[in-house]
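What follows is a structure written as structure tokens; I'll ask about it next.
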Amino acid sequence: MKNITKLRQTNQDESLNITLSDSYSRVRQFSEELTRPLETEDYVIQSMPDVSPTKWHLAHTSWFFETFVLSEVNPKYRSPHPQFNFLFNSYYFQVGERHCRPKRGLISRPTVEEVFRYRRHVDQNILEFLEISNEEQLRGIASVIELGLHHEQQHQELMLTDIKHVFSENPLRPAYMGKEQKPSDPLLPEIDWIEYPEGVYAIGHNGEGFSFDNETPVHKEYANRFSLASRLVTNREYLEFIEDGGYKRPEIWLSDGWNTVEANNWTAPLYWEEKNGSWQYFTLSGIRDIALDEPVCHVSYYEADAFARWAGARLSTEAEWEIAASNLSIEGNFVENENYHPMVISAETNNSKPEQMFGDVWEWTRSAYGPYPGYTTLPGAIGEYNGKFMCNQIVLRGGSCATSRSHIRKTYRNFFPPNARWQFMGIRLAKDAK
Amino acid sequence: MKNITKLRQTNQDESLNITLSDSYSRVRQFSEELTRPLETEDYVIQSMPDVSPTKWHLAHTSWFFETFVLSEVNPKYRSPHPQFNFLFNSYYFQVGERHCRPKRGLISRPTVEEVFRYRRHVDQNILEFLEISNEEQLRGIASVIELGLHHEQQHQELMLTDIKHVFSENPLRPAYMGKEQKPSDPLLPEIDWIEYPEGVYAIGHNGEGFSFDNETPVHKEYANRFSLASRLVTNREYLEFIEDGGYKRPEIWLSDGWNTVEANNWTAPLYWEEKNGSWQYFTLSGIRDIALDEPVCHVSYYEADAFARWAGARLSTEAEWEIAASNLSIEGNFVENENYHPMVISAETNNSKPEQMFGDVWEWTRSAYGPYPGYTTLPGAIGEYNGKFMCNQIVLRGGSCATSRSHIRKTYRNFFPPNARWQFMGIRLAKDAK
Amino acid sequence: MKNITKLRQTNQDESLNITLSDSYSRVRQFSEELTRPLETEDYVIQSMPDVSPTKWHLAHTSWFFETFVLSEVNPKYRSPHPQFNFLFNSYYFQVGERHCRPKRGLISRPTVEEVFRYRRHVDQNILEFLEISNEEQLRGIASVIELGLHHEQQHQELMLTDIKHVFSENPLRPAYMGKEQKPSDPLLPEIDWIEYPEGVYAIGHNGEGFSFDNETPVHKEYANRFSLASRLVTNREYLEFIEDGGYKRPEIWLSDGWNTVEANNWTAPLYWEEKNGSWQYFTLSGIRDIALDEPVCHVSYYEADAFARWAGARLSTEAEWEIAASNLSIEGNFVENENYHPMVISAETNNSKPEQMFGDVWEWTRSAYGPYPGYTTLPGAIGEYNGKFMCNQIVLRGGSCATSRSHIRKTYRNFFPPNARWQFMGIRLAKDAK
Amino acid sequence: MKNITKLRQTNQDESLNITLSDSYSRVRQFSEELTRPLETEDYVIQSMPDVSPTKWHLAHTSWFFETFVLSEVNPKYRSPHPQFNFLFNSYYFQVGERHCRPKRGLISRPTVEEVFRYRRHVDQNILEFLEISNEEQLRGIASVIELGLHHEQQHQELMLTDIKHVFSENPLRPAYMGKEQKPSDPLLPEIDWIEYPEGVYAIGHNGEGFSFDNETPVHKEYANRFSLASRLVTNREYLEFIEDGGYKRPEIWLSDGWNTVEANNWTAPLYWEEKNGSWQYFTLSGIRDIALDEPVCHVSYYEADAFARWAGARLSTEAEWEIAASNLSIEGNFVENENYHPMVISAETNNSKPEQMFGDVWEWTRSAYGPYPGYTTLPGAIGEYNGKFMCNQIVLRGGSCATSRSHIRKTYRNFFPPNARWQFMGIRLAKDAK
């Protein structure tokens, strides 16, 4: 079993079951905290096929623990709602038939209250199991529990991005929270370019502490010399791209990207709206004027790639990103900050190392999501977690303002199709070193 | 102004405002009574574009009174929610832009509670207006109020058919109510044929009491001799059609009908399911074994037409139906019975006149929905009520188990596209007389 | 057997087989004459699902004679290409499986030459059969041959409208013929209104001479007093409608019509193009400036209906049209004129009777296409000819510039879905008489 | 300027213009030779959006020379058909608007004969230019001519795969050629595994002789130890996969792959048909029984990946493939063999090196198509050739039975979306070395 270091604030004297119970309670509670601003009706809506209702997220993450933990450790365990296996399974073919994904918004029952009751049932059973188990008994299942908690943290991020999309579709434009908008900082200095040397690098997770299988094994990659931008691309810079006809010049777009722009009439990032010549965006605090020095957000890979080409640069590979991240500390604007929105960095930051590598926005790389050399999936349904998506997706790195600090790693590989925009996704430029 | 006779249990001594207040309160309350079995989450779902969320029905019918009554009689009236005009307008172009119909299920706010509060606000204002108005002041607007009440009754029927569809899409198959299924009657006797003579008939509404504009003007039509079936087609008879390969024989279908069968893989009426060789259907009381002697329900015009051809008969024209209905009394299984489901008729009915002409199921005619000779629409937005749908729709007659007794008339013209099945729709056969 | 009077220039001394041979040769040859301007490549294209390749029309009409005549009269007859039954059957389910309609343009073989060879084979066999048959032997089959010839005339009209559509899709805009455009007549006088009295009228075909089954039986209909426009609506009048915002005012459109306008961005009739503020249209002679006094053409039912409402009038019913046509002679701009385009009428026409009732453009009525009282289909596959399309279609009357004079009748019922525009379709107004 | 070594059978004494003229004539003639079996009608059809009509291929490749050579070297050059720039441009945004790709099959004009005339016009002008130019004048443009010839060879391959698809859609199943099917060899021996050592390798084209830009620059990649299969996967082996439920087991498929299988009801490779329990496929010689020892062909990446997973192996990366190919000679079943179909290898092949690496079928790698480190596009429209497709595509290597021997290189990177099957595409397995 892998060490469990990330989710617990490690106290080396604590026994494993206490540590797990603490992590479990903390992560599970945080899911429920995120729902506090919601009305019952908000939990039900699926505003597009990629989005799931909040109710579904709450139930699905519980189903995960029921299916892969409770049913595993106790063959006599019986779900109080056996039909939930059908409703709240997502893509695990090996545990049975699933409800059709685009129909998640057609399900009024179970009610929100019943889902919370289901969560409490699962929580009680998990915590009881942890209480009565010794280290020996936890061997094997502890890593599944930890996987379940990381899985739940992924859904916490989706809960935020999904409810943002749900609210944006409502002409009344409800706000998730009522935060004040701070006045913007003065103009940021230009991007600096930080250079990294050529060589063979070790990429991927070395097995100490938790990781997803797609981060392994650690392996060697050859990298040329390259430069990475000292900070993220800002709304101000992205506006220049728009005003320079960025969305009207097919020659700077990937072919599929241009088709997507035309098919969807894209003229700006998701949630942006032009009104009387000035730009606003929809945020979790409602409609706002665009803050020019903030990192640009809610752009697709196609837009990130076109912007980079327009700017005479490119996106980094995921290996390059990981090389640059390797001696940074993981700090940034994470979900714990309760901004739920990217932040402006201070104008006086130290440009000898890249800023904002963690938090704020997921950074599109130019790397297609695929298996690392020597990658193998786990046996059984858990093996379906990552490997089956290794096609038609692009890697993103670094976490966002909706990511938990305890969830992210330098080797963490997030991935989305190149047309996805509803996550907190942004742009960091890279260059071949001259 | 037309007489108001149908919605009030007429007390000739009452003044018009008291009569209107009573009718108004009764109809508006009934909408809310129909929602009693629902959970908050149930109000939000739109299971297909034809279906509207319950919440939408409740708000839209209130918006109607606000827009066409309150704003008309009091120029100073201000809606507490001006944006509801956008959300809850349906197809009245002349009162502004509308929210896109297929997106009604993406709207979690206003909440259910806010919608009920909006209803109470409208009700209070309407009732206050009625209280302070004399007959003089009511002239002109009383007919709009009555139209609004008939409009609300139409939406009451839709609330039942829509929630049935919503629940049917949920794999948990919730029940709207818990009614017992009665044991079926003995086998019904064969259909008798009742003959009507050739001649020139007056068809349409003569203007006494309320009617929709599409029922007017009364006009002459020439009818050949014809025969009408003494009762509705039963599930037993429809099963024979299925078992005789009814859904596999293109030669008995209209061309568009056969394309619809193939595109949707229809093999039975909506809500029917075959399990282990026996048929069940989803009802507002949950899944049930099919009662063989009940009128068949939830069939499209295409199915009604194919069944009739298979049976060596045809559907009636709407004029024929109205001729046959002209000297019958309006009795039947209406929404007041709280069955919300068609019923088996007694085996010993009098076959000298057609049974079940009213209530149970809307009866598909073979008549395309069009304007009567001399038909004109009302001026303004109210004129959009009926006339603009006079294309690609088929007339149905007689009301159903979800129709209010006070809503139906012999001249009432319901209409739906030929592929619609989610209303309580059934089949009565007709024949040319030999 | 019905008398055969229309297709032959009747010589009462001729025997039936000579008459049939003459008609057969004349009609069949005309199909081939229509193809003279075409290149081999032109025969292959299907520019939309409604359109069939010219090659298909030529083969399908031959297949009709092979299947319903040659195979019927001679059980030993073997098609030289049995697989053509699959390729060139259109919708006759009772004679086997059919090639998918939208895929007709994917078939390069049989080649055009092979199709002409197939025609010659069928012609030779039919003519041989007619030569050796006496009146006795022709009984029964003569009506099928005549049906086949009328069927071929229908496809001749489609060949013209379909090749027009094919050419219009080609950016090179090839012309079918090189006709000069005549200078337009002076401004036409205003429309006059010709009034018809109320009463019971006999409508439909009385059985003398050939008719399609859908024109029968003759039956009584009651008509109110009405007025019919003395001529067709012109391009000039239609332009006024456009310039008055006709395509931007939902309140004058049927609901389905407005949805169609929005979904397809219609702003003018099919084939119209605005260039630098002036209108042109694509014709079979290429791109031309619009002739203002010509009858407007290539409008859908939705456009005809909206125009009529805008003009304070309506479309006629098909019964009204037939009443007005009953004592007119059938004269007009038919396919024999080789205009393949509607013509301007003389400004000095006699306005005591309606002009242009025949030829020029098919006139949209307001009548949904349905069965006449007492209508029955023929047994077998031939019975599929008309009845199965009696849903979601609108009746048009009077023939067009692409219709053969010998094909049209006063009782002739053409029908198309309300959104169809690629036929030569236009508008005549009607009104309720005051 | 790069050396031109591949397309000419190099005679070092020849001057550059003679060499170019020879290459030009040979390649251009071969395109026309490939059309010899076709009827005029065959040139017109586009059987799916990916397919282009033969006529289009012939014209587009000529347009390429006209646009990028004739117009470049002679500013006074005027195309005889300026509108062809619109019709026969493919995706070069920088040279103007383009005709919509899926509508290529709607264009009957220019006729086939006109297209051949256009080819002759371009050929004459190019050859004249080459004749009168000296080495000095050719500098700069020679590489574009060579690019044009490689471009034409790519379209030659497409002409074969596209006409195969066109013919397969015709129920008459025409054959492109009448070749005999040879009796199959005896059972092939099992696959051997050939191992390659770990290390840093030089990957990509070193700049000697022609290459596409996407093969450059040569760069270093780190590879782990790996093993490559000694031969391609055969139809026999693929049938085992099918019979083992390969198309019914979601757990062995990529998520997008399984969705594709379900959406398209895939149960076998493209062109395979089961008849009475035995398998046949459509080939350019018509319908044939499947030859069990032939390499499997017409499989998508999804199928190749699922097969590999089922077989306990994986696909190679493109770097691994290139490492293995580096010391092999380029021999195989190319288009010059005129088989237009993959061949069975001899059972007695030497298994110390991989067989069939070149020709027969393009081999799916597991590598997403992306830019090599340091890759830059050429300036102008020519730069759109490859780079803009670097998303959502998978690399294939080695050429096929429809590829010219003079066209392929060890560094050649072909690419198609993972669901494409209509090219000659097959499977070679790889493994991590233990």
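The chains carry the letters A, B, C and D, assigned in the order they are written, with residues numbered from 1 in each.
As a working rule, contacts are C-beta pairs under 8 Å (C-beta built on N, C-alpha and C of every residue); 3 or more make two chains touch, one makes a residue touch a chain.
Worth saying up front: this structure is predicted, and the values here are computed from it rather than measured.
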Chains contacting each of chain C and chain D, listed by label: none
Farthest chain relative to chain A (centres taken as mean CA coordinates): C
Chain A and chain B: spacing of chain centres that average the CA atoms, whole Å: 48
Centre distance in Å when chain B and chain D are each reduced to the mean of their C-alpha atoms: 61
Whole-Å gap between the CA centroids of chain B and chain C: 38
Multi-partner residues of chain C (each touching 2 or more other chains): none
Full enumeration of touching chain pairs: A-B, A-D, B-C, C-D
Chain A - residues contacting chain B, complex: 39-45, 47, 55, 83, 86-87, 99, 103, 105-112, 166, 169-172, 174
Chain B residues within the chain C interface of the complex: 91, 93-94, 200, 219-224, 250-251, 253-258, 301-302, 305, 366-368, 370-371, 373-374, 384, 388-392, 418, 432
